[in-house]
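Look for chain A in each of the two complexes below; its partner is chain B in the first and chain C in the second.
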Partner chain A sequence: MLNGAFAVFKREMKIMLRYPSWFIPMLIWPVIFPLGYLFTAKALSGTGNTSLAQFQNFAGTTDYTTYMLIGTTIWMWINSMLWTFGSSLRVEQVRGTLESNWLCPIPKVSLLIGYSLFQILISFVFIVVSVLEFKIFFNFEFIGNPLLAFLIIIVSIPAVYGLGFVFASLVMWAKEANSMVFMVRGIMTIFCGITYPLEVLPNWMRNISEFIPMTHSINALRRVISSGAVLVDIKREIYILIISGAILMTLGMIAFNYTQNKVKETGTLGHY
Partner chain B sequence: MKNYAIEVKNLRKEFEKKEKVPFWKKKNNKKEVFVAVDNISFNVEKGEIFGFLGPNGAGKTTTIKMISTLLMPTSGNIKVNGIDVVEKPTEVLKNLGTVLAGERSTYWKLTGRENLEYFAAMNGIRGKEAEEKINYLLNRFNLEKRADETVEKYSTGMKQRVALAKALIADPKILILDEPTSGLDPQSARNLRELILEIKEEGRTILLTTHYMEEADELSDRIAIIDHGKIIAMDTPENLKNNLEDTNAILLELNNWNEDILNEIKSIPKIKNVNSKYSEDTRKWKVKVHMENGNNGVNDLIAGISSTHTKIMNFKVEEATLEDVFINLTGKSLRE
Partner chain C sequence: MVKNYLLAIWAIIKKDAKIFFRYPVNAIFRIFEPIIWIAPVYFLALSFQINGENIGFHEYTGTTDFMAFIVIGSIVGGFVSAVLWGMGFSLKSEMDAGVIESNWLTPIPLWVQLIGRSIFSLIITSLNVLMTGFLVWLLFGFNIGNRILEALITLIPMLIALYGLGFGIAALVLITNNANNIIDISNFLLNILSGESFPITVLPRGIMFISLALPLTYGYDAIRGILLGSNTLLPLNIERWILIGFMILGVFIGYRILVRTEKHCKTMGNIGFH
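After this line comes the complex of A and B, so read on.
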């Protein structure tokens, strides 16, 4: 299985390096995307930053720039994962290569594992570029331990890509990604506290937020980066991320196997 | 018991027909089914080229997709080298090389060599072994000079050769080719047919689908003619054509064609089938008539056409082809 996954990883790397224009949006997007939120926050905080005390009351910090940058970075990571990894099988279907891959004597899930390895690498490059740019343009400061922040990203990976497995399977079946990307992204924007503390949400919405793993990734990253929290302080979030990762990965595998059987039955594997 | 390369027994595939009606307008929940493959059985012997001949939509591709594990049969059994395709699909794939949908089955943004490297790795072949096999196949399929260019720059014939090389990368004993020359220019198609015969000479079994009768005739040791999901004839090309010994295939060129002429021809007792087609090149009607051998049949035909004041511009009695076999069995042309 891993040999197949590694072959997919290498293939995607070759295709990507052949068309290097992908790097330009990766440079621009981390700076442009948060600006709208940051200017809104600046306007609302007043000229003398009069509202910051209120913000600190909910968020535990007055540094709303770092607060928002963490939220928007995770949002951009999920967004990119949904568009690229989530649509990966669909892209193969459209270019006519999915059946060729299905004809190889390997477990078919190797394809998604290979894609996810490739996407994880791209995501790390994206996060590193983002942090460097935040440092240059927004005076982004790490109060806590960067290695702990890295650990949070690592333990978030199974949940993020478990969601991606479910998503990729559904897109291969439904043959359309847009509406589902907008729905998942919309839910995340509202419920995960990308730009605001969850304390401002009504109780019923906060209860829903608790069930979304990305809420806990963002929360843990904010506490480590902005408030200097240590491992013990964020162990609840770490446990939740590990458990939700295991659940979402299992669901992803079930969705993939179900879709695999369904398309074999209906003959829609190669349809585009 | 004979050991076949491919054994297909009572194979059937049904697809659910999708109604394009909103759910609130549906009158009942009864699901309609379309039978793409209807209870077919055949065996492919080791080392032979077995042709699957039929018009588009006859069930050829559905059948080979079931053999190559891409599609689940509704009922029936398929064995490849004695291995059941439903029970052990991965084992079956180790015995098969398949080219489906030709040129679209490779990565156009990768080079020919990179494509072969990728599919070698996906078949568990790596390192020195992979390198040797790739160089051999690139050389054999005359791709080595442009092996390091991206496939998108290749001609359709070259893309098809890459797809064939890809199917042979794991050295399978059985090769499945779905419409291998479709979309190729005549020279590339001829070259590819020569390659297919060479591959057969290596001792491989080939199952190919085609709707080109000349191709099926030239390449196949045995042919199954399929129409509406059913095998309607299966034999060697010679035997299939010999069955038409008592039938004349007459090709006429007429300056006109209408219902009256058709009825006049059909009223002649020994006529079996009549097929007409307008030729843009010659601006005449080409009419193919199958009639039983016998005295006065041809005279009756000429007299019948002349009685409708239609000019016969050309008249030819032809040797039977597989097209004639198909028309004789179904009453329609392969290209309809």
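After this line comes the complex of A and C, so read on.
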């Protein structure tokens, strides 16, 4: 299984390096993506920051820049993961290579594990680049322990990639990656408080937010990075992330196995 | 010749419609997609409201109706995206599906094919816009006054000018064989710099200088000025003339770039490389 996963990892690396322009978006997106929200927040604050106190009442800080940068970085990580999982299988369907890959005598889940390894590496580089750029362009201050922030990201991995496995199965069913990516990341944007405090949401929406692991990743990261929280302060979030990671990974494996059996039975694996 | 071009455009529209409705999830989702983009900005605005009013926003724009400001930005931005993605990405899809060479072998010029690809995208965007406007009005409420026809007349030269930009983006895709990043970044930057979701007066001076050099900025600004009565950067008539100038120059320059790139790709023989 690991050999298969490693082969997929190597192939993805080869494809990425074949298009040397890949590093340009990696440098550009962390800086330009939050700009829309940051300038909107500036406009909403007013020329004399008249409305900023109101934001502080909800968010507990007037530093909306750091607040939003943390949210948008996690959003970009999830977005990139969704595109990797959604478009990889879909592109293979379009290119007609999915069936030949499926005929390999390896567990099919190793394809997803290979994509995950590739995606984790890229995301790690992306997050490091983002933090460096935030320091340069936005004067990003790290008040808490960076290692604790790193731990939160590590603990979030099973939940994020478990969601990716479920997502890959959904794309195989719906045979449409774009709209599925838009839908899942849209739900995240609305419910996880990427750019605004969840306190402004109606109660029923806040209840839904509680069930999305990324809400807790973002909360924990904000508390560590902006307020200097220590491990004890964020233990609730860490537990939630570990439990939801185990649940989502299991669900992801079940969904993928079920879907691959279904598409083999119906003979629709390569349909698009 | 014109009749043949129109027939080709019609054939491309029919093909795109067929592909679009072949994926019903996609078709349904496209209708609701703008809500997903607008809802977070609505909640962001809520977190700054004092007694239900965006007082701070009024200081910059002269209006407290942030939702109307955003909806207009999102509608105009939707058309910008439709042209850029409709033209640029279509080439990449054809490369991936291995049909670009056969399409180029037909006696229809590339620019006509690209226009054909953008039209279905524009039709869907127009439906989207109507649906978005209605849903956002229902969910969040806003008021855009009654000068809609005047706003539409202002939008037309801007839309035509975008075709020039679309030709340029398509040329870039042909040279780099990498559509997603090019279109995504250009589209995003254009929307940010021309003030899709905020008044450009909040931008730092250096960036505002670039914004003021972009004709699209005046498109967003003029349409908001007409519909919301918000403060405009220049008098409305001057903004309209800028858009007309942009239309003539943009289409001419974009067309020239595309023709030269097409010739280059045919000479090098790298049309279908990806």
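In this text, the second predicted complex is superposed on the first by the 270 of 272 C-alpha atoms of A that agree within 3 Å, B and C clash if a C-alpha of one lies under 4 Å from a C-alpha of the other, contacts with A are read in each partner's own complex, and residues count from 1 in each chain.
To be clear about the criterion, a contact is a pair of C-beta atoms (placed from the backbone, for glycine too) under 8 Å apart; a residue touches a chain by one contact, two chains touch by 3 or more.
As the structure is a computational prediction, the values presented were derived from the model and not from experiment.
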| item | value |
| --- | --- |
| Which superposed partner A:Phe6 touches (first chain B, second chain C, both, neither) | first |
| Touching partner for A:Asn178 - first (chain B), second (chain C), both, neither | second |
| Contacts of A:Tyr19 with chain B and chain C, given as first, second, both or neither | both |
| Touching partner for A:Gln260 - first (chain B), second (chain C), both, neither | neither |
| Which superposed partner A:Thr195 touches (first chain B, second chain C, both, neither) | second |
| Of chain B and chain C, the chain that contacts the larger number of chain A residues | C |
| First (chain B), second (chain C), both or neither touched by A:Gln54 | second |
| Which superposed partner A:Arg95 touches (first chain B, second chain C, both, neither) | both |
| First, second, both or neither for A:Lys42, with chain B first and chain C second | second |
| Chain A positions touched by chain B in one structure and by chain C in the second | 19, 95 |
| Contact footprint of chain A on chain B as seen in their complex | 13, 15-16, 62, 65, 68-72, 90-91, 93-94, 96, 98, 100-101, 104-110, 114, 118-119, 121-124, 126, 150, 166, 170 |
| Chain A to chain B touching residues, read off their complex | 3-4, 6-7, 10-11, 14-15, 18-19, 95-97, 99-107, 261, 264-267, 269-270 |
| Chain C contact footprint on chain A (complex, rising order) | 19, 21-22, 24-25, 28-29, 32-33, 35-37, 39-52, 54-55, 58-59, 91, 94-95, 174-176, 178-180, 182-183, 186-187, 189-190, 194-197, 199-201 |
| Complex contacts: residues of chain C adjacent to chain A | 23, 25-26, 29-30, 33, 36-37, 39-41, 43-50, 54-61, 66, 96-97, 176-178, 181, 184-185, 188-189, 191-192, 196-199, 202-203 |
